[in-house]
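Okay, so chain A shows up in both of these, paired with chain B first and chain C after.
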Partner chain A sequence: MTRTTLYMLALTAGMFAVAPFIINAAPNEATMGLVYKIYFFHMPSAWMFLIAAITSGIASARFLFFKKQSADGWALAAAELAVLFGAFTLVSGPLWARKAWGVWWQWDPRLTSSLVLFLMFVAYLLLRRFGGPGSDKLGAGMAIFSIANVIFVYVSVNYWRTIHPPTSVVPTLPVEMGIPLWFCVTAFTLLFIVLLRLRARLEHQRARVEALFLAEES
Partner chain B sequence: MTAFVRVVWIVVKKDITVEVRSMELLSTTIFFAITVVLMFSFGLVVEGRAVQDVAPAILWIAIAFSGTLALGRTFERERQNDTLRALLLAPADRPAIYVGKLVGILLLLALVEIVLVPLVGLLFNAPIFAHPFRLAVTLAAGTIGFSAVGTLFAAMLVRARSRDVLLPIMLYPMTVPVMIAGVRGTAALLQPTPDLAIAQFWLALLGTFDVVFLTLALWTFDPVMTD
Partner chain C sequence: MRMLLMCAWLLIAPVMAHAQSQPPKDFVAVDETAPGEQIAAMPLIASAYGFIWVGVLVYVWSIGRRLQKVEGELAELESRKK
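Let's look at the complex of A and B:
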C-alpha cells in the first residue's frame, strides 16, 4: 500500500465515522420526515455505481482495442466496485421507496436500468471467475457491451411510467440538506478511489506474479 | 466488399451443408421451442382457457430460450474438432466470418419462428394474421438483435470454461431491451385493436439496437477472437 493510499484510507474512514453525526444534524424533510436521509447514502453510492461501471467500460476498451495490459486490472477492480456500490444502491433504494412510494419496487427506467447494469456486472464477475483462460478479453467485450446497453434499457423502460425523483432536485436543496449530501458524496468518492487503487494494485501484482511464474517455467 | 460477401456466403453455405446432412440443430431446436410453449400453456391455461395477453411474452421467451440453445450447439459443433480455429486461420476478414455465423443462426431461428408463431397463435388465441408483415418485421428485427449479441458471445465463449451456463448469464441481461421492445411491439400488433403507432416505436427501437450492437460486434469480434 502506498503512502498516498494510506492517507486517503485514513481520511475516508474519518469521514465515514463523522457522516452519521452530520446527517443527524440535517433537518427532517416536510413530507417524508426522517426517511429521506437514506438519500445521503443512496445517491452517492448510485453515483459511484455509475462511475465504476463507466470506468470499467473505458478500461476494457483500452485493454481490448489499444492492447494496454494494465487496463485489465483497472477494469476488473472497477467492475467489482460496480457490483459493490450497485448492491448498496439496490438495497438502500427499496428501503426508501417502501416509505415514500408505499412499494418496494417499481419498473421505473432508473430502477430497471440500474438493476440490469448490476446484473451485467455480476455476469462479468462470474465470467472472470469461472471463464478460465482468455476470460479477460471476453470480459472486456462484455463490459463494453454493458455500457452501450444501459442507454437502450433506459430508453425502453422510459416508455413506462417514471416516478424516480429527477437529479435536478440536487441544486435546489436547502443548505442544511446540501452540506451532508456533498459531504457524503466526497466520502463515497474517496472510498471508491481508495478501493479502486487497492484492488487494481492487487490485480497488477497478481498478473506480475503470473508472468514471472510463466517465465520461470519456460 | 465482394470478397466480404463471398466469405459470408461460404461460411453460410458450410453451415447449411453441415446442418442439412444431420438436421441435428433444426430438429432439436424446433422440438425444444415447441416444448417450451407447451410448458407455458400447462402453467398458464386456467380452466381450459388461456390467460389474456400472454402470447407475445411466451413467444419471445421461447425464441430467447431456443436461440440460446441453438447458439450453444452451433459453436459446440465448431469446437469439437477445433474447426473454429481453422475458420479464424483462413485468410478471410474476421468480421465476415462473424456475419457468416450470424446469418446461419438467423436462418435457423427463422425456421424455428415459422413453427413457433402459429403454435403460439393457436394455443393462446393470438390474431397472428392481423398484420402478418409488420409481425414478421418485428420478429426479424428482434431476432437480429438477439443473435447479433448472442453470436459474438457464443463465439467468445468457445474457448472458455463453463460456457454452457455463462452464455445465458451474459446474454439475457444484455438482451433486456430486445425483450422489452419485442414483447411490447408484438403485443401492440396482437391486441384486439392493433396500435400501429406504438408498434412502430418499438420497431424503431429494435432497429436502432440492431445497428448499434451489430456495429459493436463487428468491431469487437476481431480483437476478442485473437489469441
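Let's look at the complex of A and C:
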C-alpha cells in the first residue's frame, strides 16, 4: 500500500467517523420526517454505483480497443465496486421506501433499471470468475454495454412517471441539508478512489504473479 | 504539501458546492417531528447505516487479506527467481 493510499484511507475513515454527527445535526424533512436521513448515505452510494459502472465501461473499452492489458485490472476492480455500491443503494433505498412510500419496493423505471445494472455487474463478476479463457473480452463487452444502462438509470426519474425523487432534488436542497449531503458525497468519493486503487493493485499484482509462474514453467 | 491542499479542499468543497444553492422546492426542512414517527424510523435508519458500515469494513478487510496473500506469493516467486 502506498503512502498516498494510506493517507487517503485514514482521511476517509475520519470523515466516516464524523459523518453521523453532521447527519444528526441536519433538520428533519417536512413530509418524510426523520427517515429521509437515509438519503445522506443512499444518494452518495448510488452516485458511486454509477461512477463505478462508467469506470468499468471506459477501462473495458481501453482494454478491448487499445489492447491495454492493465486496463482490464481497472475494469474488474471497478466492476466489483459497482456491485458493492449497488448493494448499498439497493438495500438502503427499500429501507427508506418502507417508511416514505409504505412499501419496500416499486417496479418503477429508476428502481428496476438500477436492479438490472446491479445484476449486470454480478453477471460480469461471475463470468470473470468462472468463464474461463476469453471471459475477459466478453466481460469487457458487457461492461461497455452497461454504460447505456447508466444513462437510463440517471434520466429515468425525469422522463417517466415515478415516485422516486427526481434529480432536481439535489440542487434545490436547503443549505442545512446540503452541507451533510456534500460532506457524505466527498467521503464516498474518497472511499471509492481508495478502494479502486487497492482493488486494482490486487489485480495488477495477480497478473505479475501469473507472469512469473509462466516464466518459471517455460 | 499536496496532501495539505487536498485536505483543505475536502473541507471547503462541501460548503462551496452548496454556496449557490436555490430555495427549496422538493425537500423542506423542519425542526420537529412527531415522537411516534421518530421511533418507527430509527430501526430503518440504523439498518441502512449499519449495513453500509459493515459492508465497507468487511470489503476493506477482504481486500487487505487478498492483497497480503498475493504480495506474499509475489515476494516468494521473486526471491526464487534471484
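The rule is simple: the second predicted complex is superposed on the first by the 205 of 218 C-alpha atoms of A that agree within 3 Å, B and C clash if a C-alpha of one lies under 4 Å from a C-alpha of the other, contacts with A are read in each partner's own complex, and residues count from 1 in each chain.
The definition used in the following text is that a residue touches a chain if its C-beta (ideal position, glycine included) is under 8 Å from a C-beta of that chain, and two chains touch if they have at least 3 such contacts.
Note that this is a predicted model, so its numbers are computed, not measured.
*Asks:* Counting only touches as set out at the top, which of chain B and chain C does A:11 meet: first, second, both, neither?
*Replies:* In the superposed model, A:11 contacts chain C only, not chain B.
*Asks:* Should A:58 be classified as contacting the first partner (chain B), the second (chain C), both, or neither?
*Replies:* So A:58 meets neither chain B nor chain C here.
*Asks:* Which of the two partners, first being chain B and second being chain C, lies in contact with A:125: first, second, both, or neither?
*Replies:* neither
*Asks:* If we overlay the two complexes on their shared chain A, which of chain B and chain C does A:186 touch? Say first, second, both or neither.
*Replies:* In the superposition, A:186 contacts chain C only.
*Asks:* Please tell me which partner, chain B or chain C, touches more residues of chain A.
*Replies:* Residues of chain A touched, chain B against chain C: more for C.
*Asks:* Considering only the touch criterion stated at the top, classify A:141 as touching first (chain B), second (chain C), both, or neither.
*Replies:* A:141 contacts chain B only, not chain C.
*Asks:* Quick one: is A:41 in contact with chain B, with chain C, with both, or with neither? Answer first, second, both or neither.
*Replies:* Touch status of A:41: second partner only.
*Asks:* Under the stated touch criterion, which partner chain does A:198 make contact with: chain B (first), chain C (second), both, or neither?
*Replies:* second
*Asks:* Considering only the defined contacts, which chain A positions touch chain C in the complex?
*Replies:* 1, 4, 7, 9, 11, 15-16, 20, 26-31, 33-38, 41-42, 45, 84, 87-88, 91-92, 95-96, 98-99, 165-166, 168-169, 171-179, 182-183, 185-186, 190-191, 195, 198-199, 201-202, 205-206, 208-209, 212-213, 215-216
*Asks:* Once bound in the complex, which stretches of chain C touch chain A?
*Replies:* 3, 7, 10, 13-15, 17-18, 21-34, 37-38, 40-42, 44-45, 47-49, 51-53, 55-56, 59-60, 63-64, 66-67, 70-71, 73-74, 77-78, 80-81
*Asks:* Which positions of chain B touch chain A when the two form their complex?
*Replies:* 149, 152-153, 156-157, 159-162, 166, 169-170, 173-174, 176-177, 180-181, 184, 201, 205, 208-209, 212-213, 216, 220, 223-224, 227
*Asks:* Can you list the chain A residues touching chain B in their complex?
*Replies:* Counting only chain A, the residues touching chain B are 64-65, 112, 116, 119-120, 123, 126-127, 130-135, 137-138, 140-142, 144-146, 148-149, 152-153, 155-157, 159.
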